[in-house]
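Presented sequentially are two complexes of subunit A, the first with subunit B as partner and the second with subunit C.
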Partner chain A sequence: MTRVVHYVNQFFAGLGGEDQAGIAPSLKEGAVGPGRRLAQLLGDDAEIVATVYCGDDYAASVEGAAAQILALVMSYEPDVLIAGPAFGSGRYGLACARLGAAADAAGLPVVVAMHEDNPGLDEAGTIPVVASGATSREMRASLDRLGAAARKVIAGDALTSDDGRIGRAARATTVAETTAAERAVDLVLTRLAGDRDATEIPLPRFDRVMPAQPIEDPATATVALVTEGAVVPNGNPDGLESARATRWLRYPIDEVASLASGDYVSVHGGFSTSWANEDPCRILPLDVARELEQEGAIGKLHAAYLVTAGNGTSVANARRFGIEWAAELRKAGVQAAVLTST
Partner chain B sequence: MERAGIPTALLCNLVSLAEKVGAPRIVPTRGIPYPAGDPSLSHDDEKEWRRALVKRALHAVSTPVTSPTIFPVEQEASA
Partner chain C sequence: MSSAARIPAPEKLRRPKTKGAVSSRDDSTRSLKRFVHQVRDVAVGDETAFDRGVLTVGRAASTLFESPALAGVRLTWASPGDPVRIVKLLDAVEPRCKEGGGIFPGFVGPPEQQGVGTTHVLSGAAVVTAGFLPRAQEAVVDMAGPAQPLSFLGATHNLVVEFTPAADADWEDVDAALRVGALKLAEHLAAAATSAPPDAAEELAGLGAPGSSELPRVAAVTNLQTQGKFKDVFVYGTSFSAEPPRLIDPNELEDGAVVSGQYGHPALKNPTYVHQNHPIAAALRRRHGRDLHFAGLVICPEPVDQTGKERASADVAALCRDAGFDAVIITKEGGGNADADVSLKMDALEQMGISAIGLFAEMAGADGSAPPLVIAPANATAMVSTGNYDHRVELPAVERALGGEDFSLLDVPATAELSVPVAVVYGSLSPLGIGRLTCREAA
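Presenting the complex of A and B:
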């Protein structure tokens, strides 16, 4: 009997919605929620022995969350881990991707499901990910695909795009039968014939965002200042990259009234930082924000600012930063943000 | 961040780009190297401009929007 552990988020585990997004990893015996149908799809030779779950905010923003979740998974001695479907939900997708990558590194076979535009997809690396629908309205079809893919993974077979596989697969070099010039001409002809999606390499697509509800009144709100202008303490003590940033940082501003020249600098490589270094508030407007807070126009300024360098940042990383900033700010009770861009 | 329910005012210079990628609340700035500044002004005037920008940002996050919306600082607005 193949032992399977299933990972889902707090919502699909039946704990609640956004109000439970902060809960720590936990588990229930057997299959839960969508896991029940998944268990049927896996057939009689496999059993979902446990369902591990975690709050989306916790999973996406707490340091070491993936390792904690993996420990719970491993405690049931699984042969295979299945995570998702996460659909388009960014924090859930990120959690599944990180957990999947950790499981893979620990030698545990894994298969994950999420929508192909899920911002978490990039963190999955080369582990098997199959496409799900964009929302849980497509649960049934998504589970069908995930169940079929899981059966193949259990059997030790590789997944291909025929199975709905998305994301990176380990690159294998092959020799094409035709030259690039011939393939390029064929591609142009295919496009002229009406196939607008044909391509050898898919480019990142920008998706539609549903705007958040506005806040009632800034005078009663907690507002965060965030920036991609790479403003950091003088000396760049944490080594923020000037281009192609792979990380972001946070710095406390609780007792700080303004970012003084000389105390802070911009390390952004995409423009001349001389004006910013003369007055870092030209990038992060702390001086006026603090005054507005004192005057009562802003309820409260968040105690830290978040920063990265928006210079040649990959779309995938930028998406990830956005998800992580959102999770951190939500956990801290921040209700709105002012993001300065350079 | 907007998707997670945090209305976010984006202060930026390349407004059409922000619109294209779908940023819902956009406040146009005067230059890439100084999103919250304007070095052509005196120190005091620049600070007034910065105040106007941040106040506009606060207005943007308090306003319902359904698609990329530009919130320029009104020229006649004073800090």
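Presenting the complex of A and C:
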């Protein structure tokens, strides 16, 4: 009998919606929610021995959450891990992708399901991911596909696009026989001859984010300041990268009226920082935000600001920062954020 | 896309004659003679000399850098195979001079149009400035070992210029003095070869040479990263940042009409050396008259704001349409924001029915599985990859380093073993296509 552990978020584990998004990882014995249908699809030779779950905000914003969840998974000594389907939910998709990547690194076979526009797909690396619908209205078809894919993974077979596999195959840097300039001329002639598909880089898919509705009453809202302008306390105590950032940082401002020159600096590597360092509020507008707070135009400012350096940052990391910032601010009860870009 | 079999025979590419398609240069008879002297070895001596492939730099050459902004410079050769690393590289210049003067117009020669006459080229050598300047991003070249082939400077004899700024000198003045000094030094070295018999003598026709008008008219659009002090590019000695896009004869670039002062993104910059040896122009020239008609070269600034980028793209597209181009190869300089300068132009050109090919470095994460481009074209699709910015490379420790004591990106001695993204290896992902790196789906 193949032992399967299934991972879902707090909603599909039956614990509740956004009000429960902060709960820590936990588990239930046997199959739960969508796992019941999945268990049928797996057949008689496999059994879902446990369902591990976690709140979406917790999974997306707490450092080490994936390792905690994986430890719970491993405590049931599974042969295979199934995660999702996460549909189009960013935080859930991120959790499934991170858990899947961690399980894969630990040698545990895994299969994950989410919609192909789910930003979490970027974090899945090259582990097997199959497409699900965009929303849980497509639960049934999504589970059918995930179940079939899981059976192949259990049998030790590789998944292909015929199984609904999505995600990127890794692209390796190699040395070509001719220079890029010579290959560009070859490509021009190929295109002029009518081949419109020839390319060395497949077009990436980008999702479009719809701006949220304006908040109804700014005078009661908690507003956060966030920036990719790399404004950090002088001396850059946590070593924020000036380019190719792989992380973001959080600094308290609840007792700071304004960012004084010399106390804060921008370590951004993509522009001349002299004007930013003359007045760091040019990048993170704490001075005017405090005025608005005192006037009562906004309820209050969030007690910390979030910062990274947007310079040569990969789309994958930028998406992850966005998901993590949204989870962090939502958990802290923030209704709106001002994102200053440089 | 590397199979030669997919490239059709030239007759299939002959275009119908279109009415009104005119090139501003079709009546040109301008041409440039290139006398190429191959540098096979280098030395330091009392006098600068070039004798049977051996380039000797005279001890007095450092006086070419005399300036109130510089306390002094030190010149050191770093040759292929030497156990030497160069860090903090700024610009690289190929030694060249013109009979009768005029090289590097606007800096060394007067700012007058070049691209005709006779130019001497010291092939296989470069003048390389290296050291701290503000906004310059840490860069590295190894002259031996696994990273040597990643940079075009791994294959040249490099005269490395290290410098000490004068006390209280403005950094901008230091930068300017260094640039002029390096260009003068490049001319000075090449001048030693003018009486030597060249290894090759070439005649480069100006664009628009007659006799090939039925072939598809293919052009290059070269974006220059003009984004402020220490991130600027000069044309005829003047910052190109506020200029509109314009046609320029590739032979003008041969004579140093475009000079780089752009020190960001070491792998994604176009040093002066690469403009002098413009790889796209060279590749188009090789196929000219056979598979295509090399119809023009457009240079265009890279503005920092979206409106500026959109306007430059519309202007370039209109210019290419009016010049009657059938296809255009577009290149960039710099990181993610410069992807937009390529993508917007590709889309604008394709909308006009002009085939557009863009060169991009991918930014796909260390494992190559993340989305490769920051801003991709919406309609155009033909792209060439110059490798993955985030690809990790391991550089073993070296005996000696030039350019600085430390490798500031990792805060370690410059001679230390380094584990870095290829993005810090100078010129490795060359947006103008001088390198051979690419990405392929892993098997």
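Everything that follows uses one rule, which is that the second predicted complex is superposed on the first by the 301 of 342 C-alpha atoms of A that agree within 3 Å, B and C clash if a C-alpha of one lies under 4 Å from a C-alpha of the other, contacts with A are read in each partner's own complex, and residues count from 1 in each chain.
One rule holds for everything that comes next: a residue touches a chain if its C-beta (ideal position, glycine included) is under 8 Å from a C-beta of that chain, and two chains touch if they have at least 3 such contacts.
All values reported here derive from a predicted model rather than from experimental measurement.
Visitor: Under the stated touch criterion, which partner chain does A:L192 make contact with: subunit B (first), subunit C (second), both, or neither?
Guide: Once the two structures are laid over each other on A, A:L192 reaches subunit C alone.
Visitor: Pick one for A:R183: touches subunit B only (first), subunit C only (second), both, or neither.
Guide: So A:R183 only meets subunit C here.
Visitor: With the two structures laid over each other on chain A, which partner does A:A169 touch: subunit B (first), subunit C (second), both, or neither?
Guide: In the superposed model, A:A169 contacts subunit C only, not subunit B.
Visitor: Figure out whether A:Q294 sits in contact with subunit B (first) or subunit C (second), or with both, or with neither.
Guide: Neither partner.
Visitor: Who does A:S272 touch here: subunit B (first), subunit C (second), both, or neither?
Guide: both
Visitor: Let me test your reading of the model: by the given contact rule, A:I201 touches which partner, first (subunit B), second (subunit C), both or neither?
Guide: Only subunit C is touched by A:I201; subunit B is not.
Visitor: Looking at A:R330 after the superposition, I want to know if it touches subunit B, subunit C, both of them or none. Which is it: first, second, both, neither?
Guide: first
Visitor: Under the contact definition given at the top, report the residues of subunit A touching subunit B in one complex and subunit C in the other.
Guide: Shared contact residues on subunit A: 206, 270-272.
Visitor: Show which residues of subunit A lie in contact with subunit C when the two form their complex.
Guide: 122, 124-126, 167-193, 195-201, 203-206, 243-244, 269-272, 311-317
Visitor: Quick one: which bits of subunit C touch subunit A in the complex? Just the residue numbers, please.
Guide: Interface residues on subunit C, with respect to subunit A: 1-2, 4, 6-8, 12-13, 134-135, 137, 149, 216, 218, 227-230, 264-265, 279-280, 282-284, 286-287, 291-292, 304, 326-327, 329, 335-337, 355, 357, 359-360, 362-365, 367-374, 376-377, 381-391, 421-423, 430, 432-442.
Visitor: Can you check the complex and tell me which residues of subunit B touch subunit A?
Guide: Subunit B residues touching subunit A: 1-13, 18, 20-25, 29, 31-37, 39, 46-47, 50-51, 53-55, 57-58, 61-67.
Visitor: Using the touch definition from the top, list the residues of subunit A that touch subunit B in their complex.
Guide: Subunit A reaches subunit B through residues 18, 90-91, 206-218, 221, 223, 227, 229, 270-276, 278-279, 281-285, 287-289, 291-292, 297-298, 322-323, 325-327, 329-330, 334-342.
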